[in-house]
Every structure is written in C-alpha cells, then in structure tokens.
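Two complexes, one shared chain (chain A), two partners (chain B, chain C).
Right, the complex of A and B next:
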C-alpha cells in the first residue's frame, strides 16, 4: 500500500560489455568489437553519406556551413572542457582565417589548395599572439577579451576602409565543384573530432586537463601554464581559421560579416545541446541547430522565436546535452531500488 | 654528504596589505637532512614555502638553492631545478585517475630530460613510470586504487599523491606542507617510514608540521615561526624547552603539557 510513497532511487550500473571493452579483451569477440566500433562507424558513415542524402544545392551549402560551425564548436568544447578557457573568439578565428585566405588568393594568386593551409597556420599564430596577453585570465574575463577582438577588428576595417572596407574582398576563387567542397569539410571535421579525442588522452592532453583542474599544481609540476594554454589556443584557433578560409572560398567573398557574432554564439549553443566535454556532442549539436534554423525560415521573421523556444526546451529538459544522455544510456543500465 | 647547504634563505619579508606575514626570516638547510618548520596557526609557515617556491613574490630577501639565486623565479622554473613542494590543501587533478595525475609532472622538462620522449627510458611509457612511483609511495600496484579517479580517493591517498607528484620530478629537495594533517594515527604511522625512506634516498626534506611527535622522529633540526618572525632554531629537544616557544604555542607560560618522547 505504501509502496508508492516508499523512498526509492535510480541506480545506474555500467553494462558488462562496457567494462569488458575497456581493456584488451575488447577484441575477444565480434560483440565487443562492434560495441566499440558501431557508434563511431555510424557517425563517420552518416557524415560521409550526407551529401547523397541531401542532394539539392541549397542543402549542400547548409552542410558546408554546418561543417564550419562544427569546427568552431569542437574548438570551443576542447578549450572550455579540457583546458578551462571559455572562448567567445569564434568570429575572431573565422575573420582572421578568412581575410588571410582571401588576400592570399586575390593578391598572390594562390589556389585554395595553398591558401587554406597557409591561412590556417598563419591565422592560428596571429590569433594566439593576439590572445597571449589574456592567457593568465580565467573564466569570464578571458571570454570578454576574446569577444572584444572581433568587434575591434570589425570597426578597424570599417573605419580605415582597408581590406576592401565594407564591400569586402570580392571574387575569391571557389572550389572546383560541390563534391570537393563538401567532402573537404566533412573529412576535416572527422579528422578534427578523432584527432582531438586522441589528443586529450595523450600525455600532453593530460597536461591540458591538469591546467583545467588545478593550474597551481601544474606549475608546481614544473610546467608553464601559459605555454600550454597558448598551445591549446593555437589548436582551437587553427580549427577556426581553417573554417574561415574555407568559408571565403565557398562564398567567394571576404567581408566584415566574417566577424559576425553568430560564429561565437552558435558553437556555444551547439555545445550546450550536444553535451559539453564529449567533443562529438558539439558536432552533433551543430548538425541539429543549423538545419533547424534553416527549416524555420518558412516562418519568416518569427524564425528566431521558434529557434529560441527549441533552445530553451533543450536547456530546460536536457541540460546535460544529447551525447551525455546517449552515452549514459549506451554504457549503463538503470533500475529503481528501494532505499 | 651532509654539511653543505642546499637551501639558504636570507631575510625574506612579505606583507599582505598591512599584515606583516614574514619579517626577515633566515635559515639554511643542509644537504640530506630533514628540517622542520613549526609554529602556531597564522605564523607564516605556508607563506614562507610559497615565497621560496615562487608562488608568491616576496617583498625583499634572497633564496639560494644549490648556490643559485632563485628569488622571484617562476614556480615552474624552480620546480625544474629539483626544488618541489606539496600543498597543504591537496591539489590533485580530480577528473584524472591517480596514476594519470603523475603524467603531468612526468611531462615536465626536468623529467623528460631523464626519461626521454616516452617518459620512462627503457622502462616504458609514462604510465608505467607513474605506477612505479605510486607503488613506492604506498598505492598497491595490483589493486584498483592507482586507477581510480583522484576525486574518489580518501585524504590519506591524496596526501601520498601530493608527495608522488614531487617524486615524479626527481627532486633534490621537497618542501612538505603538512603532509600529516588530516590523517588518522595509523595513516601517519605508515607515512613516517616513507619520509625516512626518502631521506635515505638522499632527498632533503623541509617539513611544515603540526604533528610534533612524528616530526621529531624524523627531523634533525627545527625552526619556530611566530607572527612571521623566526623565534628560534635548533635540535628539537632544545627548541621545545625554550620558554618563548611554549608561550607562542600556548599563549601563556603556564605549562606545556607536552611529553617529549624521542
């Protein structure tokens, strides 16, 4: 009778197969192997099939844009959850990378094959140098500095009328066809995702996570926290600059809209929706958020209202993020136990 | 081996606003000894360690380590010279397993010089080396303990982990900030041989401690701080017999109810 009112709690236990697949025994049977490989395989194959599933030109372009946001979101998640720096610098990275690629292409006549790698590296160096004075800052203070730079660069270009001023740099070379365009960005995000996942478990990645957990202990361990923060910012800004360089080549123009705040904000929303700290979550978050925002175009100016409602619902009811929830369901079983 | 000064601290002063945390503190530590620093709460012991290891910039004074001036060097540079410290409030990396905590110090320039790019030379990678160090410091190799998250470890293990982080750097001098505090009597009893073993390995130790009985078992000399000033220094028996020390600890000279056993 009083069974209903009896105290109970949800118990979560790791599935046996999760424990078995943690060590070398993972290769002992197909069941174990597929437990590990299938989720990754579904993600990779799914991403690579996207251009076939959405063949229209419009949706092709959406996939490319999602890819750019995914790079930014990956970088944001890496920096925030593995190094402890909250960065709002997405638009800075996009802008710097984009303008460098456009200048290289227009003034020096280099093809995208060269402009993208050069813009990635040199842009990352520039962004790291710009953010170097802010590296001792933590939390919201670092975020403010990263937010300030794109606004400053936006106004400088506008006021001094340099780099094409408000018109931007027009006539940047495009990719040969949409297949190259899409598979380039899809393979880059797959590489970036699995590369970062590997990195955070390597020895240097453990140092990054140490900086997040306890920076004083890292100093006591004989490591310079500024150096490792700079390396992490370099990695993140390289991803962002890559996105920026790619962006100017698909739109064939580099304008001050590259410094738009969307590039700083949407990656954060995607991280919240996808699940922070999982790296794959923010990527999926982008693949949900950006297409939803496109679908909502049918509502005209009410689009942003519906968009906000969806975001709000996610934050209210699944604040942990999709991937954290999914991983829990995949790795653990739950049952109610009486207290 | 002993007789040579490994650490020489001269006239270190530090103020926090109007508070004089340290006033012209001088002492020297000899190679291979265990040197104790004691004093009531708020007497500046931890501030002194922070000044020596560079975590706090001192206002004036000089610190010589192996005849090299390290005053106001960055903490990570000092640690790379082999002068390491533990923190009184433990600072592990809570989200990492215990043995991965040690990979961070093993990644330092000092440890890499010894261990090569894999970290352990011929012995293997950094994970192997850190398990070895943890076993030395009292984490059972065959148990789950070294593989558990630092956030799930009890205080006793975290204190050991602090020491292990110092050992991973291959130190010549360890400044221990209250390694016995917060431990049960049996845990302390098992820590003392560990300290003795470190000393036998040729590591010089400076220990801040409130557990005087255990400190005096290992320390050859102690220094007493009170309100940021050095009261006295010498062998434990003599220091504890000093009237000023009793006064500092008990607030009056009524009596020191401390039975000394050495």
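Right, the complex of A and C next:
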C-alpha cells in the first residue's frame, strides 16, 4: 500500500467583512453594520429579556446571583489577563463589600440606594490598601496574599465574635421588588462589561498591558508600576465589593459565609471556561456555571470539587475557552493548505 | 521555659511543613498551591491503610510515602507539564487541584474527631519540669533529620546538585545537560513526600481535619516568603521566627491569633524586605 502522507496545515484568514468593517468609515451596507452590531445587540437584549424568560421566582433570584458572580469574573479576567495579577480571593472583595453594606444599613439606617455605592467605594479603597504590600512585587506574591486574606478574615471574625460572629448580621434591608433587583444588576453588568472593554483600549489599558508583559518598559517610561497596579486592583475590588453589597441586600444577611471559597473559585472557573482576556467570556462562563451550581445545591461542598475539576480540565486541554473559539469562528475562516 | 520548648517544637513543625513547598518552588518556580492537599491526603492515606487494609503502622507509613511520591510525579507529569511557563495557569491549576482534593475529602465525610493517627511512642518526658510528650520530641528529631538530609542531598549528591543548578539558573543547567522536566518531576515527587513526612509526623498530635490543608498551605507559604522564596537557610530561620512568634502570641495574647501572625509576618516582610531574609539571589527578578 502506497500511502502518501501529504503535509497540510490549517490556514486561518480574516473574513472579508471583518476587514471591511474594521475602519468605521468603511461601513456602508446593512450587512456590515449588522456584522458589527449584532453580537453586541444579542448580548444586551438577551440580558435585558432574561428576567421575563425565567419560569419562577427562584430562577429570577438565580439571575441576580449570576450577576454578582459575573462582576467578580469580569474583575478577575481584567486583572489576570490585562494587568497580569492573579487573584485567588474573590471572596475578600465580596466579604468586605458585604459587611460594609450590612453595617451601614443596620447601624446607620441607610437605604440600599446609599449603602451600595458607599460600600463599593470604601470597600474598594480598603481592599486596595490591604493588597498594597504585594503590589510592588512581581511573581506569585499577589496570588498568595489574596488567597490568605479571606481565610484569615474568616478566622478573625469567627474567633473574636465581632460583626455578629458566626450568626452574621441579620435583617439587612432588601430591594423593593425583584424587578429592581434584577434590572439593576443586569445594567451594572452591561455597564461594567462595556466600560472595561473601553478602558483596556484606552491609553491606560495600554499601560496595564505593559505592566503585564514588560514592566521594565513601563518603568523606563517614567510611570509607576505600583500606581497602575493599584488602580487596576481598585477597579476589580470595586466590582467585587459592589457584588458583595448587592449580595447582602438580596439575602438580607451578612455572615462569614461571604468569605466562602465559592466566590473565589467560580469566577476563575468561569473565566477559564468562557475564555480569558475577552471580558465577554467570563460573563458567558458565569451564565453556564452558576445555574448548574444551583441545580447541584444538594451536593454541598462537592460543587467546589466539580468546579475545580472542570477548571483543571479546561486549563489543561482547552485553555482558550469558549469565547475565544467563537470569536475566531466569527471573524475568520479556515482552510487546509499544502505546506 | 515552656515558651522556649514549645517554640522549638512549633518551629520544627513549620520547617517540616514548609520544606516541601520551598523545594518545589525553588527548583521549578511552580507555586504548589496543592501542598496542603498533599499533606492531608497523606494523613487519610495512612489512616485508610491502617484501618481498612489492616496493615502495620510502619508498613503503611512507608507505603503512603511511596504513593505520595508517585502522586507528586504524576501531578507534574500529567497536569503541570501542560501549563509550564504560563504563570497564571500554573497558579490556577495547582489551586484547583488542591481545592478539588480538599473539598472532596470534606464532602466524603472526613471530618470530626474520628480520624486520628497513633503516636509513634506513647509517653512523655520532663524537660526542666515541663512535661513534653514523646511525639513532640520526635517532631524535633525528624525535623533535624529531614533538614540535614536535604542539606546533604543538595550538596553531595548528583541529583541534588542538579536540582540546585536548576534552581540557580535554569538555562545554564540545561546547557550542561540537565533535563529540566525530569528535575521538576523529581522535585515535585520529593516535595510531595516531604509533605507526607510532615503529615505523618505532625498529624498524630491531633485529628486529621480538612482545614489543616489550608492552614498548612498558609503556614508554609508564610515561612517561604519570610525566608525568601526558594531559599533553604532562610526558610529554616523563618520557621523559627514564625514558630516563636506564634507561641508567644498564643501565650500572651490569644490562641485565635495563631493564623493572623502568619499573615502579618508576610505583610511585614513584603513591606520591609520583599526578597525575604535570604532571598538575595532572586531579588532582582522578584522585585519590580
């Protein structure tokens, strides 16, 4: 048998329409306009229609939870893939934001309208200060410190019996109704998503990527690496604290479960599954993972095992994630060519 | 006096926990966030070998250590080798692995008072009118043995020297014909075995609980950072520093601050001397 093995490789080319629509001035037909607008429109309309499509109150609540995780995941993706800092402690942000909102609401009687913005800002400042020592350093220090804070804060609250101890702070005010609750978080997600996308393409986004890829070049340009890292951490922790404050007002309780591992793992898993560095990917990942997680609620901590295994499998075998794959298919076509 | 004795014991426990982590990090630059999980697995492994397979204590210890070595090698060979060099993925992969193991054990019902390992020798001795049980004395002995063995191994053995070469300059080592991946497999296997040794020595002092996994991870990271990531002398010195600080905190303030000490020491180190006590060698690399 005479088997001729011919060397072939896959060639990827940009679709013509992508090239034509890249410069905004060239857009001249409905086809091209829809090529640009449709994916974004599907996302936004889809998100806004979601509360109507859900069958029951329970699943409406799940949307809000997905939103909170999505904020964390967006923050993680931004920090990991645009600034190069891997945060293993999403629950730090949730915990700090949540406790601040609960205290403001219970002790000072502020309504969610005020507690959420205040918790977001002050929580972000606190988290940034807490993480500041690890910022001037390269390498794994940031990951280590973010890993430790939630575990240690959990113990401190448990041991000293402060902030309500193991029972937590009960009776926090809730939102007026579920529609406000859902649409507020959905619009926050959309704003955060498009805001971050805009941000990383601005000048400051370029500096962020510089910090990730070649920090000495950034320093040689006379910019402080620590300052830019701090800004990035501030943005991420603001998103996380917002989620935390929101969470507290949804469940009307702030307890040490705010420092639970779920808030650290799911965002990472969502980012890896959805596609790191796309910012939309983590959102998609959350919409896949969190409902599954709700279905598996009966299994307790086995859920964390489940995410970890998925995470491990994706990072080993399909590290690009769904969204990167989808974008490639959307923008490019492939064909086999002879070498 | 009891601060001195228990401080020394605590310091040796910390050194035992941290030595595996610092070995892996120093050689392959992989922060092994699954270290705590390996520690706990060993405990359960020995327990199951004794109680389910009815093996002799000594036999099950040896068997467990061999299995741990294989597990460590397998982790590198099948998981880490795929993400090697991508810092983000390395961190996430080991973290996910550790979490999966620990939470699986927690779900599997391994909690509570029922899981204990027998002590090596019953009884206690009195040192300067303070009774110390023999297991704690053994901790010191094994600590000294392990540290001395590691020092001898990395200074007078071909593989040990290759590991050290890898740690100092990977490219130069590769040019001299040292296989980077093989060395990393060996480092990972030894790191897991060291985690196992720590577990077997320390776990008889209390119950086997899943939380220990997180504590061990935090403490060994603390020791490594304070000592300078990847530095041996530093790690041991740091173990003594943190060990005594912890005992002093427990004695004079409150026992709950045990873990807080570790965090504060890390933060203080990062602010004052980020390269750690003895991390001069990698200082330029770590510091921006």
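Operating definition for what follows: the second predicted complex is superposed on the first by the 307 of 339 C-alpha atoms of A that agree within 3 Å, B and C clash if a C-alpha of one lies under 4 Å from a C-alpha of the other, contacts with A are read in each partner's own complex, and residues count from 1 in each chain.
As a convention for this text, contacts are C-beta pairs under 8 Å (C-beta built on N, C-alpha and C of every residue); 3 or more make two chains touch, one makes a residue touch a chain.
Given the structure is predicted, the values throughout are model-derived calculations rather than measurements.
In the superposed model, A:203 lies in contact with chain B only, and not with chain C. In the superposed three-chain model, the partner touching more residues of chain A is C, compared with the other of chain B and chain C.
Judged by the touch definition given at the top, the superposed model places A:219 against both chain B and chain C.
After overlaying the two complexes on the shared chain, residue contacts for A:13 are found with neither chain B nor chain C.
Residues 216, 219, 225 of chain A lie in contact with chain B in one complex and with chain C in the other. Chain B contributes residues 53, 55, 74-76, 79-80, 84-85, 87, 91-96, 100-101, 103-111, 119, 126, 165, 168-169 to its touches with chain A in the complex. Contacts from chain C toward chain A in the complex involve residues 31, 33, 79, 82-83, 87-89, 91-93, 95-97, 99-100, 103-104, 106-107, 214, 217-218, 221, 225, 229, 254, 256-257, 259-260, 262-263, 266-267, 270-271, 274, 285-288. Listing the residues of chain A that touch chain B in their complex gives 203-204, 206-207, 209-210, 212-214, 216-225. For chain A in complex with chain C, the touching residues are 80-81, 84, 86, 88, 133-134, 136-141, 143-145, 147-149, 151-152, 155-156, 159-160, 215-216, 219, 225-226, 261, 265, 268-269, 272, 276, 299-302, 304-305, 307-309, 311-312, 315-316, 319.
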